[in-house]
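Both complexes shown next keep subunit A, but they swap its partner, so subunit B is in the first and subunit C is in the second.
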Partner chain A sequence: MRWMVLLLLASCGDSPLFNHVKTPDAGRFVRSVEDQRFPRSNRAFDLVWQTGCPSFDACSFTVNLKDPLDSGEELFAELWMPSMGHGSSPFTVRALGPTSWEFSDVYFIMPGNWEVVLKIKSGGQAIDEIRLDYRL
Partner chain B sequence: MKFLFALLFTISTAHATCELSFPQANLCADLIWTQGPVVNQASALQLKFDRAFAPYKFKIDVWMTSMGHGSRPVVMRSVNDVTLDVSQIWFTMRGPWLVRGFLLNDAGAVVEKSETEIRL
Partner chain C sequence: MKFALIIVSSFFLSTAYASSCCVANAGLPQFMTLPAKWQITTTASQARVIGDTSTKGRSVFRGSNNREKTTQLGGGIAWAKGPWQLNASFAYAQKERQLGDKTAASTGATDPSFAVVREIPTGRFGHRVWSFVRHIFPAADSVYDTQDELSTNSIGAGRPQTGLGALYMWNARYFDAQALAEAHLGHANQRGDTRLGSQPGGSMGAGVGWVKSKWRLGSLITARWEASSTVKQEGRETRTGRIQVWDSTLSLGRQIDAFQNAALSYNDQTLLGPARNTTLSRSFSLLWQWRW
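Showing the complex of A and B:
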């Protein structure tokens, strides 16, 4: 029983794996961020929104990693609205090169604070994650 | 006489069962879900009108009144003059959603609106 209680307590709080990093410009819509780093792997990347974004129409952005992903790894992205507890529809992903991806069909379905969640996945599991804040 | 009553009853209730009813345009449409409706996956439906909706144009969306947001635009494809395929319907969270239909004129202005609620 004591072990059960310890196990339950250990599962509370933020994941030690994902130190969710906020951008320094949290609260604004910053169309371009450079040299952001995933907290665990320290991988650097740039993220640039297309001209015309933010918008409530379809938007898109590109992510450029400074170094290629390892074999078996993939880059995943989604939108999340923490205050409302919902996301949006999945993006369309297109690889532009070994270190560059375009994410399109991005729909901000309401005004407010949104997060772009970027994950590096391996074997379907997230091994690193960063959240970038955007306000519409 | 019985037949007349039956006929009148049928006519008066024919549109009452419509999921999307447009009394001014005398149009009625039912939703036939072909995929879902489900949360956080693509849902799809077929919209069947009781007669051709031309000369109107038609638009459909989903809306969550309690949260004040909708979802991404759906994709519509005309099957024939009384049937539309609607896909890429994304319900992004659980709760009550409205499926809203809009009849539009040539200029794209809404001339009549109807909605039906679904709970996910």
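Showing the complex of A and C:
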């Protein structure tokens, strides 16, 4: 019984049931970024989310590079949740042109802080990487 | 009192399963509290994720467009000789997700666990203590592996885990009480291209029960912690947040006969806090146990 009382006291009454919100806070979700630059190669790009995102529906975004990639290079993107150390299911990628890609089937599988990780890969290795923060 | 001992054992079964990516179950998979050589346990449980809590303790409950349900059938076998017990637990789970218009589901075996238990004589009637060592093998897909649609294949912990703990149990005529303390280490592990660092954790629990005829009504509160860890992927290292969650369990058990008992349990992770960096679930589980 003493253990139970001690445990109850330790909980401090900070119950999630009585201290929660019902919908994710998308206030810091920036739907488009312009003229961002990869840190190493200094390549500039824009990233635009589709209308309605963020949501728990399938989202998509487009990335437009200012200059085309070099031969053998490819653009890669993934979602990453740093606090839990995991990502989400893989995206579907569609090239819209030599400097433009659409990433669809993007699922934020839970609310929280997420990163969209954009990588330029060459020979399967990431040669440049940028992380954009999103919270929902 | 015998009945109380049987049903108390059902508290420590790992039946609820909803956040494989984030925390380890504190319960001992199987526990023999009565003189018997063998014991078989079967469980059926269903857990729903109700919400998520950030590293700062901010809880967001999920709406109707974000559902996650895990149904699990489990089994375990225990063998005892003198004060020693060996036990093994296995389960098969189906995880279903719905996000907006998209639905997905996966099934698979979960991480099996094995434990060695030893009863420590107390010399006092009605007071019993067991110590245990438990190991979990990360056989199932985890959130650190390549993920299926909506991550429904993530039902394992990702790391091998070794735990050490003790259970104290006190029985009076109509009442009983339990206390559980456990510490564990999730070992560093390589999952494909991802290198997971080690992750220590622990849990403490306390419960009380009321016994009337062949029925027992009990409650148990368990607090669980996981320290932060590192996840290294393609040369970049991420340090995860620490995890904290509270389990509140209500259990109704009935002795069927001298060799069998059954129990229905409800577990809720939203009632007590603070919770940090975790999903919050509610689950029901049904247990049947047979010993000889």
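Criterion: the second predicted complex is superposed on the first by the 109 of 136 C-alpha atoms of A that agree within 3 Å, B and C clash if a C-alpha of one lies under 4 Å from a C-alpha of the other, contacts with A are read in each partner's own complex, and residues count from 1 in each chain.
In this section, a contact is a pair of C-beta atoms (placed from the backbone, for glycine too) under 8 Å apart; a residue touches a chain by one contact, two chains touch by 3 or more.
Because the structure is a prediction, the values reported are computed rather than measured.
By the touch criterion stated above, A:32 is placed in contact with neither subunit B nor subunit C.
In the superposed pair of complexes, A:92 makes contact with neither subunit B nor subunit C. Contacts of A:82 after superposition on the shared chain: subunit C is touched, whereas subunit B is not. By the touch criterion defined above, A:126 lies against subunit C but remains apart from subunit B after alignment on the C-alpha atoms of chain A.
In the superposed pair of complexes, A:110 makes contact with subunit B and with subunit C alike.
Taking subunit A as the reference, the larger set of touched residues comes from C, when subunit B and subunit C are compared.
Residue overlap on subunit A between the subunit B contacts of one complex and the subunit C contacts of the other covers 58, 84-89, 107, 109-110.
Against subunit B, in their complex, subunit A makes its touches with residues 58, 84-89, 105, 107, 109-110. Across the complex, subunit A meets subunit C through its residues 1, 3-4, 6-8, 10-17, 19-25, 55-58, 80, 82-90, 107, 109-113, 119, 126, 129. Subunit C makes touch with subunit A in their complex at residues 21-22, 51-55, 57-63, 65-66, 97, 99-102, 143-144, 146-151, 154, 177, 179, 196, 204-208, 221, 223, 229-231, 234-236, 238-241, 246, 269-275, 277, 279-280. Taken in their complex, subunit B has these residues touching subunit A: 40, 42, 67-73, 88, 90, 92-93.
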